[in-house]
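Next, two complexes with chain A in common: one pairs it with chain B, the other with chain C.
Moving on, here comes the complex of A and B:
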């Protein structure tokens, strides 16, 4: 007999089983708020803009990847390589005086083509991890070969600068683009037939198939969306630096770790279901901003890169565990 | 077997050996283990090493890894398992400490090993016959001295006591300690004070992110100078300062190293200067040392650095250095970033 209950006390063990994850998440949030409030220059308008700007590029790619994950096709491991090929295409266009529009169109066309091929291979039954791992090698190889491993630069001023370095009322255009893309993506998921199909196929592929929604066309569409987001990031990044190189997105030594892993982290930390059918691009956007916030806080606190890479890893692991428990709890309550 | 038959067989064997040598046709063979050609600096290094080897009549095989010591270790095992025994191994470890086992394995074959790019440490000294590569300390020291010169000019126009932000390599990277210490020594007592340091990582993207955070943290204290541990990092940092409405060259003066950034930034005065570190030189020097070793059985100098002259807007057009192949190279040919004309 549980004497605590019999005496009208609290069943601590039962409480922790039911609410342990929520308590843990609340503790993390409180800890974060405490450090944020006590760190000089952290909660300033300038720094908040810095955090969102920092999250923008990886966040845009994360939004694209969310469509793939929600549709039940896991992840594309070729995100940074797609961006690498697109940035080379764009920069070569700019360096050869084709101008912003044609160079952008070239990069987008490559993204659509490579996304469609990967989507088709996944749609006919290929394992997304294996397919995109292979695609990553091919795309990066083509980018390296095409650029002869050189930095492709084009002189300033040029007609892409507005995107890379411009701002409106002090807000960088890349940040604005991130917000606009996040809103459009969320509306597309919530308010369009395509969006509802993404959730349906992701939640239950058999039901989707029975109702005439094949994964082949869905896989092609979501891979194109993800690749186009990669192309946009590539173009914006090149426009900022007025140059490109195949390895611009390879930050193996960076505090953020590998770029593709960081993009996947935004999806996971946002709480999207790795199995598909549950989540949103809004969650991914917030995941990107949260990772950026923590990284920014750690820099302001004086942490070196090793500790910051560790924090990203821990965020991914804890997010997966916490959101899995929360979803399980919700299902059992329902 | 009579003498006549022996003579015929010996002649045949000599002919076969001679045939093999002439078919091969190379004065010596080299195997180089290094990073990926996709990285601008290493890409140019590989071009330098291959071109100079060809010039000297050497056969060279290059094994690239993606900044991954495990991958490089596997390549070493494959080469050794295949029984390949060149005249010299060239060793550019991805991680000098973690790669020590592979270096030891190369040494055990009896083939001499030349280490490049990362200074020898106490552990790996006994496995190599020499070093060719950059002098991280001298490169950073020259950048520091250049910043001191720029500070003197700024001081003459009324300022005093300047704050410096350093955007660096990851602290775990071998060259970090040598660079930052030499830079600090060079600016000591000059009125330049490092008020912030961020080790976001390599490349433009990380330079941008690191600098943006430093600006948020330190802008109230006033930032007057920024030191980029290399120009690629500094290129990103300059963009962050510009986005925060700093006028580069006026509000903030940027000094970098390596010459792997953006020529236009120096032309526009947004970057004060850099110290040259040419991957082309590094590749050529490696082959020159291989030649010296094969000829003499030892090197005159165990440590051999590539030159690190300072380059500013006023000197960039006239900067040219003689390569180890005897030809003169312009700055566009020597630098490794967005420098092609």
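Moving on, here comes the complex of A and C:
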């Protein structure tokens, strides 16, 4: 990578443009394997299961966001806020004894509603970043206001236990859900008309428009998909903790850094084109697992949260640089 | 009166922003007698000192057709650096250190964006996270604090009726940046790459230079803003200042920038920030929790966006109609010759 950046000879430059990304990925993988092999307790079955379980929540949201990114609408900055509103709705439902199904339906309905509105605003020509930045403020504010900024908890043996803490044959149910959602999303993108339209509009919006596929309906659909994924994650997270608060997905809580940015990181580190049209949800899932493995490794090595946040940031920036070089090798950019 | 009318028609966005600011101010001033005082003016200006610079930085970025998402992280990092080193190397040196770090970060971002030809949102979403990590490092993962509160007292001391050293500094910077944007070639280049990037590049603007200038100025403003926030409160949190991005975006859009770039200006940024600050101060008067303020800001932003989209749709429709009428007329004139009209091919966009 360094030789490519420094210019180097003509041949070296050409080689780096063609194979630079492969070399870079190989170097990262080698480095990772070295550290993984030399860290005790890392390559155990238990730890691998932990890694995938940790990757599940952010991965599912990442899969939802992949639809938005692939369709050429960049990303939504309101992921964690949508989840915050959904987690409050779900927990309020559970706390008021409405049962799992109605609470889940409530959370999903809110997700569909907010997703559709954001999608419509994006579709008619609003910038996705600015629209979802504003929406994020509203969603988080409403979530805090609805819950009075308090923790809502419901008693432990509840209907959603199976989703939160249950497991089948030692595999946590949330991991199974992650795999199932990943497979469904991949099939939907590859085999359905909707999936092909996502790629078409993402790759070339004017062609999409000329062939009768407006971005308006597409933006609404993909935003609903992303929001529904957020709602699902919120429900699973709430079921796990048997409680909810509006700031559960904000940076103060648990995972390193900002949850929305972490979700965006899974999409970008997985190697999806952020301009749309190129990538897959499989890449996002792998990106989520990779980020989670590195994070886990750093925890075992005793790094503090600063280093972990920094590493995710570095991964994003390097994936951008790698992608820019890959793209320059392939086609010229206008 | 005629003069006012000319101002309004010359810049309707700015006129709207001024009107909105006056409306919000008078709304609070009439409902609360305490609001219409010099003390409140001072409080508003104090908020302006913080948000103004970040709003200005974001305005510049949006004028250039890009958005800097890492602005809050950059400000937080500077706040941490400044607060952490004030005790050991003195306030002036630590401010110089923090602000130059922030400027260097901005410069690097601009360089990368121009070199890699990526959109700024893509890169800055990465640096948003990266800089948080650096800030956590710089702060040793805790909230850093000053031990000597002489500097905070000086910064918040009252000079003049509603000004403090901090707000005077910010106003000076506003004037400087405004002159730069209006009267230098570099400033005009920034407008050019925002409004019509392809045309600007074709006309010989080197994309790298304005991009680096914009992001360096943006980093500088975020840095000075962060330094003021840190030194005024005497504390800095590495994960703090996340609210800045939304508030600054609202300020920039009220100030009349367009998401397509090339529009807006420094006066607009000032008025937009003032509007947000008046709203914020007024809501604090009514003891409104912070999350409720976020709702109002979000609604304000979406409203402005919807208006912008609608006016954009209206403009394109009007232009299309004009073009269509033109081409119809041209066709009617050349119809006997049976020539195809060039307008037909160039109409689609």
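Note that in this section the second predicted complex is superposed on the first by the 302 of 334 C-alpha atoms of A that agree within 3 Å, B and C clash if a C-alpha of one lies under 4 Å from a C-alpha of the other, contacts with A are read in each partner's own complex, and residues count from 1 in each chain.
We adopt the following convention: a contact is a pair of C-beta atoms (placed from the backbone, for glycine too) under 8 Å apart; a residue touches a chain by one contact, two chains touch by 3 or more.
Bear in mind the structure is a predicted one, so any value in this text is a computation, not a measurement.
Asks: Give one word, clash or fit, describing how chain B and chain C relate on chain A after superposing.
Replies: Superposition result for chain B and chain C: clash.
Asks: Applying the touch criterion given at the start, work out whether A:306 contacts chain B, chain C, both or neither, answering first, second, both or neither.
Replies: both
Asks: Let me test your reading of the model: by the given contact rule, A:149 touches which partner, first (chain B), second (chain C), both or neither?
Replies: Touch partners of A:149: chain B and chain C.
Asks: Tell me which partner A:245 touches in the superposition: chain B (first), chain C (second), both or neither.
Replies: In the superposition, A:245 touches chain B alone.
Asks: Does chain B (first) or chain C (second) touch A:237, or do both, or does neither?
Replies: A:237 sits against chain B, while chain C stays out of touch.
Asks: Looking at the overlay, does A:53 come into contact with chain B only (first), chain C only (second), both, or neither?
Replies: first
Asks: Applying the touch criterion given at the start, work out whether A:140 contacts chain B, chain C, both or neither, answering first, second, both or neither.
Replies: Both chain B and chain C are touched by A:140.
Asks: After lining up the shared chain so the two structures overlap, which partner does A:172 touch, if you call chain B first and chain C second: first, second, both or neither?
Replies: In the superposition, A:172 contacts chain B only.
Asks: Check each of 39-47, 93-101 or 183-191 in chain B against chain C and return the one that clashes.
Replies: 93-101
Asks: Can you list the residues of chain A that meet both chain B and chain C?
Replies: 140, 144, 149, 246, 251-252, 304-306
Asks: Per the contact definition, I'd like the list of chain C residues that touch chain A in the complex.
Replies: Residues 67, 69, 112, 116-119, 121-123, 125-137, 141, 198, 238-239, 242, 245-246, 249-250, 253, 259, 289, 291-295, 297-302, 305-306, 309, 312-313 of chain C touch chain A in their complex.
Asks: Write out the stretch or stretches of chain A touching chain C in their complex.
Replies: Answer in residue numbers: 74-75, 77, 121, 124-127, 129-131, 133-142, 144-145, 149, 246, 251-252, 257-258, 261-262, 264-265, 268, 274-275, 304-314, 316-317, 320-321, 324-325, 328, 333-334.
Asks: For chain A, which residues count as touching chain B in their complex?
Replies: Counting only chain A, the residues touching chain B are 40-41, 44, 46-47, 50, 53-54, 57, 140, 144, 148-153, 155-156, 165, 167, 172, 237, 240-243, 245-256, 296, 299-300, 304-306.
Asks: Would you pull the chain B residues touching chain A in the complex into a rising list?
Replies: Residues of chain B touching chain A: 36-40, 43, 66-68, 169-173, 198-206, 208-210, 212-220, 235-236, 239, 242-244, 262-264, 268, 336-340.
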